[in-house]
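Look for subunit A in each of the two complexes below; its partner is subunit B in the first and subunit C in the second.
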Partner chain A sequence: MSVRTEPIIAITPKRISRRWILGGLLLSWIVLAQFLRGKATLELDNPDNSPFTTWAGEVADSIRDNRTDGAAFKFFFNPIREFIDGFVTLSRELIAIPSGSSSIPVLGWLGVISVIGFVVYAVSNIRMATAAVALTFACGALGLWTDSMDTLAMTFAAVILSLAIGIPVGIWAGLSDRVLKAVTPILDLAQILPTLVYLAPLALFFLIGPASATIATMVYSIPIAVRLTAFGIRGVPTSPVEASISMGTTKRQLLQKVQLPMSSRTIIMGVNQTVMAALSFVVIAALIGAPGLGKPVIDALIIRNVGEGFVAGIAVVLIAIMLDRSTSAAISSQDTFVPPSDADRKRRRIGLAIAGILAIVGIVLSRQLAWAAFFPKQIDISKQIASASDSSVKWVTENMEFLTAGLSKAVTVGVLNPLESVLANSPWYLTVVMITLMSLILGGIRSAIVSATLLGAIVATGLWYDTMITFTQTIVATLLTMVVGVIAGVWIGRNARAERALRPILDAGQTLPAFVYLIPMLGFFGPSRFTAIATGIVYSIPIVVKIVGQGIRDVPVNMIEAATSTGSTKWQLITKVQLPAAKKSLLLATNQGLIFVLAVVVIGGFVGAGGLGYLVLLGSSKPELQGKGLVAGFCILLLGVMIDRIAQYMVARNSAPKH
Partner chain B sequence: MVRNKRVGAKASVLAAAAALLLSACGGAGVDAEASDAPAGDCGSYAIAMHAWVGYTASAQVVTEIAKANGCEISQVTLAEAGVTYDAMESGSVDLVIEDWGGGRWQEWADRGALVEVGENGNIGLIGMYVPQWMADEYPDITDSANLNKYADLFVTDESKGKGAWYEGPPGYTTIGEKMVSANGLNFTVISTGSEQALIDVFTKADADKTAAIGYFYEPQNFLAKVPLARIKFPANDWTDPEQASGLTDYPESPLIKLATPKVMDANDAFTKIVKNFSWTNADQNEVAADIESGTDPAVAAQKWIDAHKDIVDGWLK
Partner chain C sequence: MSEVSSAISVNNLWQVFGPNPEKIVGSADASLPRAELREKTGNTAAVRDVSFDVAPGEVFVVMGLSGSGKSTLVRCLTRLIEPTSGSVVLNGEDIMKVSDARLRELRRTKFSMVFQNFGLLPHRKVIDNIAFALEVNGVSKEKRHARANEVIELVGLQGFAYAYPEQLSGGMQQRVGLARALAVNPDVMFLDEPFSALDPLIRRDMQTEVIRLHEELGKTMVFITHDLSEALKLGDRIAIMRDGAVVQMGTAEELIANPADAYVEDFTRDIPKSHVLTVRTIARPLADTETATGRTIPAETIIRDATAAVLDANGPVAVVANGNVIGYIKSRDILQVVGGGTEA
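Entry: the complex of A and B
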């Protein structure tokens, strides 16, 4: 148990008294938990409902009964669903599924590739365009052309709709303080909401299918578009704005001619982030019937086919790299302030014309000739990749069992079970009181009030025990993540070469869907809580390493020079100067780590980790437990908010100016 | 090239758009080459894919036959029961070829979202199994009344000091917790999350002679490779909701087909296939075995279709 607070305490060396109080609290908690073990744990058997979940199930049933005749459905939900369904179908028919009476999409594979090449060339340069074409082609070579195009089409539809809402709202929030204040809490909430949570409620209102999947994706990506747009508008320097106002421009002119052009870079960055957010939703959206690359990943998870899942995961990463680099290239082409010479312009025009002609030829061919319409089956390297990844996982499973089994056992018996017995298997009131007291010490009175309220709400739902199971796994995974993340973060923060070497791995780790490595984890560790924990660690390490690395790099040079000149050793430099100076980054990394881990640990319900995630899944499959599944999702949300709030109050407290 | 000098970016975008429009009605060339299927009057349908290999076998056979008869088929991966019935209600899925749900779909059928089409010929039997070596060594273990006596054998780090009871994935029909509580068993139910995880558990238990009790079912080709013994629990009628609260064992049940009214009303080739499809557990195991050994499901299905022309022709009548 004492480990839990180490990353927090180690970096607050001055507050000795606080450390003692925390230690005392922990000790008394452990002792009390020993005496009261198994009492008032509020454990609810999986097939049983609590009064609250029964009620939620009845509400869900009545919503379902209203689907055909209810006014809210007739005039609100169903029209929205039909509109989005139509839009998605349109964009799928363009590149992925047969359109109308034809047996091919509007664009065959050659057409798609030429259009991608042309568009990327138009917004950036020839090198980017070649790369984009190669990456798209590679998706086909993985034997996943149609699924890749479905994913591209779904992403495209979700991004267009997200931007159509996100950018106007963002502009509004950029111009009006009141609007910004109103939307900020919603944006914060949307960003800490684990993706698994909103699938079931959305499916209830928008049914299963592409529309629900698109709306779920939008819930996830709109906040990012809003945030970055508002940030861009607010970042416009005041002098040009004031100058324009003094010249008598209208508000509309001001926006069109000054504020929007000057913030276009940030807004395009928002587009980039929106695209990436939408893409990261690909796999989880398949759970509610989204077509695309998520399908083979989920299939592979259920039949634990490592190779198949890995191949589909690579395709997701390829598309992510393609979209990320293309949109980033569009940002950097905004950065050239040197006006192009006439010769440059001419060359560019000729280039565009040639690219345009090539694109048209590609489109026409792809509509006329079978070889240009259907991706050639001969080009398929998926079998080789699948069997290579299969056999490497098999090798590890067979030859490294002492290591995998040992690691799993050490964490399960050494950390997980003891922590679970304190958090979940002791009386609920003890856990509530102790968490509240600890957040009082760590984050102050407001943090304590928030914790007590949220914990009380969780108790009221009847899913207290399962929430504590999930909480335990989240804490253990975050602890391990922080150990690895801080070591790697310090390394890349101090060593530029290491940073360059690790960055592509970290980037890929952030785009690879968590489901993809959940599959080999299941092979290594079997159906267990540790499988969920290991997956959560892998998923959240990149973000933690990046934040810690940045924090270490941002430590002022003079502090380091001062320490070196007084003869500090390297170890002293790291522990006494760099880590304490990067305290805020460490806290931020912990916060992000917790949120990321929570999002994945609940997915662990797929592989025997139990807890809230499992209840969400049970609810989606068993009608009599649907209320419980919905409430479990709600508890994940409460847990996420509580973790985030405590961490935020801690960051605020620690970054307050010291006297 | 000289003449292209004045062609700007906007112009070429416009040209591309125009070409797109022009060629929009020119797809005939590809269609003519692509239509190797007889031009039957058949609509486009989505088949729910549930994640067990037997289901894949049945669904893939139906898919291949339907495609060969001019239907346009897509496959949608979804968990069993609730989500799938919702998907049928929304029209994004049209067919469940093998439903184990024990009548959970009734509520959806009442609303007109789906129709029970009848049995698909397979007889399903879910149960709790132990590796055969355990049944040989402890002959009385196959009676559920004796399970507590052996609970200690099944303890793992995950099972909280009780026996570890490996339950089927959440997307399957499972009643493990009810079985444990109704029979007063000293076991902890652990969800395995996937069919493959269960297969891993039993494979390992068989090879290393370790103890394991877990969810399994027939028809499943795996039973031919690793012998398992089914535990007998007190039987009860679980289609009766009153009795269902005291569930203790899975009944042997004919598996059924569910389809949307759209399928039933269309009266096209797909309607016929859906209505008439029926095959034995042995048929399914044959295709499933091929899929399990790495054959592409479409190829495995086609192999069976080619070998059973007469049966398939019967479905199309």
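Entry: the complex of A and C
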């Protein structure tokens, strides 16, 4: 008989002492950092290379020299590139660029719009179809028809290829535990990898251009398709599956007649998410030559032209809304397994026939008549939008300066600078030791080993200082995100009406590409570290609020009733029952928040936040710094993995059984 | 054991979960209690050394509390769970030894199953749910729908053929489950707690329905339940399981009259004996002081049904089996059973 009571007694004092140790550690870290300020910070000036980045540059050069003759290129990378290039070109010729000898795409603007209307009507309903047509038309009215169509064509090509790989692999992983186990680490890694990281390496192997951009997009969106498909197949209730096997189905029959039809909802949800991921990536992939709306957005960011960036940003948002609404409408029309009545079906068939005829008329006109082929130049409101956004930004910065500048200054002086002085401007060994000790206390011995190893690797790359700058911004943005996110999350978790009101905004916020948020933030806060932080906050708040809200809602009712019946106040209920009970959700939200923030903060490097993101950008424009850019991407990866691992170990620790 | 006379014959069936299940069967550890076995070897014996024969047309009930292994047992019989060892002989064919293809064929034609959670396919109409086994067996749409319509009639689902499962009540859904199992005209039906998820009133209706179907069609059934009154109502014979093993097997009367151990006795405690036992079990020789009344009663009469006649007789009544008097009972004997009521 083992003594089982011991751990129960041990838990309480251990908790308290852990808190004290953590506090003591922080205090001594701050004090030591003050004493050793500016020593051994390993700061590397932007134009300089470390031994490691020099080596990385040489490796990149040798890969580049190999491109025409190397076997790996001849037989692997180049054929893939050519195939994908062909596919993307086909997709672009359909709607965006002149096809063959013609001076227009296969479909002129009227053709595109009528096909979009027809397709959206076919998968959802007339309201969605009208909205989709209007949104697409608006992209043209912004004077960005061709760029919008390029973005759409790129997204379409990437989505088709991603689903062609992702759904079969997902089905396989849904059916086989072994396959799932094999792909899970890859899926996890893909999920925490900031988008900026794999652009440069892919461009190295697949050249700069649409093919590289598509491959990068696929790398980003395939895992999402795999994950949701596998999730859908695994989510099919066991009893119909068992019953079907008991009736003698073969594996194939089981898949076709039971598992696929019953998981179609989740798989379509996966298609929706794949589409949204692909769209947001196609925008950022402009950095490695993706045609479309990403280019004007990035150009505008780099030359700090808020007005022009804003117009392109709006077009991205319009396309995002169009794609999201029409694909998710396809999900909700599948809410029940009961199909519509025969009368409804007949009505719909007539509707489809009419829509089909309209689409064909649109296509034919757009191939015959100039006005239907080229989007009319008379309809162009881009100048008005640009100047309106410029003047409203100007108004805000002039009249609300106390707010924008005040907020920016408060965060920068109050939080950012002190943290930077501890993390980045103190000796590297102090930071390494302290982070390792803290992850030992928070996440246990394995998390400490992981942290020490990853931090050691970052030191070895020579980009320690820049990594710590990025890390500081990530932490500050996450802290602020959590403050706002927990408050809003508790609110929507406790108030169903607030939840209903906020959900569409949160959903919309989650689907927009990160880049888009950067433009107004740049307008409000100018090129600064705070702009990156503010964008990170705005981008990651929706996911944090959603997770926290869900966690609060999931607290069992009887727990709340018990607390209320003992006379708890509302405040006591929140702080003593709901938040502690939702602890796992809070940790999960923090983890997700960190990952989302990191992805955006590095992009903030484009608008004056410095750190690793800026080095990536430099690397892509200056050949002598390309090695440094690649290594900076690698450091982002290491940082992301470290943050994720510490958080995961904390979650694991906190959800372990208490006795 | 496996004469041709039994529809299904189960011999020494074992199902062990864990790291090395094969090593357990036949070893000294096999006889350890379940918890000790797990502690010692890491294995869990869900089904241990189960043997029984079911006669053609018989309703054989397997009864036990949750965790007793009864659901695993029934899944082993159709190899939805692979047993560790033993044999299950169906019409002279050991289904443990058949190929995957043959097993599928057997599942499509020879036996069928009804599940606790119905296991209906929500995306298919009632008629296509019922015809599913025929469909996977390649029967043409016309033929399988004709057959499905027959069984729809049989289970009283007229008018619901083109409804979807989610549009039906629980009881109606399980009728679809029953119809689906009947559609292939199987030799043996396995019913795994088919009515446990239903309301008591509907459960009673469905039990009656099964009795009716059994009387009409005479199917061999293996019926799993945790409810003794359901077992007594439906079962020709009942096997009581505990910790994966069969602790007692017999007719309702045998179980109640002679519980094999305290576990079985505990089970049967709440059952009014007078509703199950026949007068045979309480017949006794005539005492010296008594004189027979000359009245007789058949030995297989249930005590409850004999009450009026015996009380009326005002003296010992002869219990007759095959024309011979096997003993006597009088009102006091009956009252002892009835008055003992639900008690031991």
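The rule we apply is simple: the second predicted complex is superposed on the first by the 622 of 659 C-alpha atoms of A that agree within 3 Å, B and C clash if a C-alpha of one lies under 4 Å from a C-alpha of the other, contacts with A are read in each partner's own complex, and residues count from 1 in each chain.
Everything that follows uses one rule, which is that contacts are C-beta pairs under 8 Å (C-beta built on N, C-alpha and C of every residue); 3 or more make two chains touch, one makes a residue touch a chain.
If you're wondering where the values come from, they're calculated on a predicted model, not measured in any experiment.
A.B. asks: Between subunit B (first) and subunit C (second), which does A:W491 come into contact with in this model arrangement: first, second, both, or neither?
C.D. replies: After superposition on chain A, A:W491 lies in contact with neither partner.
A.B. asks: On the A-aligned overlay, A:V258 touches which partner chain: subunit B = first, subunit C = second, or both, or neither?
C.D. replies: In the superposition, A:V258 contacts subunit C only.
A.B. asks: Let me test your reading of the model: by the given contact rule, A:I208 touches which partner, first (subunit B), second (subunit C), both or neither?
C.D. replies: It touches subunit B, and subunit C stays clear.
A.B. asks: Which chain makes contact with more of the residues of subunit A, subunit B or else subunit C?
C.D. replies: Comparing touch counts on subunit A for subunit B and subunit C gives B.
A.B. asks: May I ask you to decide whether A:F52 touches subunit B, subunit C, both, or neither, giving the answer as first, second, both or neither?
C.D. replies: neither
A.B. asks: Report for A:Y429: first if it touches subunit B alone, second if subunit C alone, otherwise both or neither.
C.D. replies: Neither partner.
A.B. asks: Using the superposition on chain A described above, determine whether A:G248 touches subunit B (first), subunit C (second), both, or neither.
C.D. replies: It touches subunit C, and subunit B stays clear.
A.B. asks: List the residues of subunit A that touch subunit B in one complex and subunit C in the other.
C.D. replies: In subunit A, nothing is touched by subunit B and also by subunit C.
A.B. asks: Write out the stretch or stretches of subunit A touching subunit C in their complex.
C.D. replies: 237, 239-250, 253, 257-258, 261-262, 336-338
A.B. asks: Taking the complex as given, what residues does subunit B use to touch subunit A?
C.D. replies: Answer in residue numbers: 1, 4-9, 12-13, 15-16, 19-20, 23-24, 26-27, 29-31, 33-35, 49, 51-53, 72, 74-87, 89-93, 104, 107, 111, 157-158, 166, 169-172, 175, 177-178, 181, 189-197, 200-201.
A.B. asks: Quick one: which bits of subunit A touch subunit B in the complex? Just the residue numbers, please.
C.D. replies: Result: residues 45-47, 65, 67-68, 81, 97-98, 102-104, 106, 108, 115, 118, 122, 203, 207-210, 286-289, 291, 295, 298-299, 301-305, 346, 349-350, 352-357, 359-360, 363-364, 367-370, 373-374, 409, 412-413, 417, 522-523, 526-529, 605-608, 610, 614, 617-623, 626 of subunit A touch subunit B.
A.B. asks: Residues of subunit C touching subunit A in their complex?
C.D. replies: Contacts found on subunit C: 78, 80, 103-109, 112-113, 115-123, 132-133, 135-137, 164-167, 177, 180, 184.
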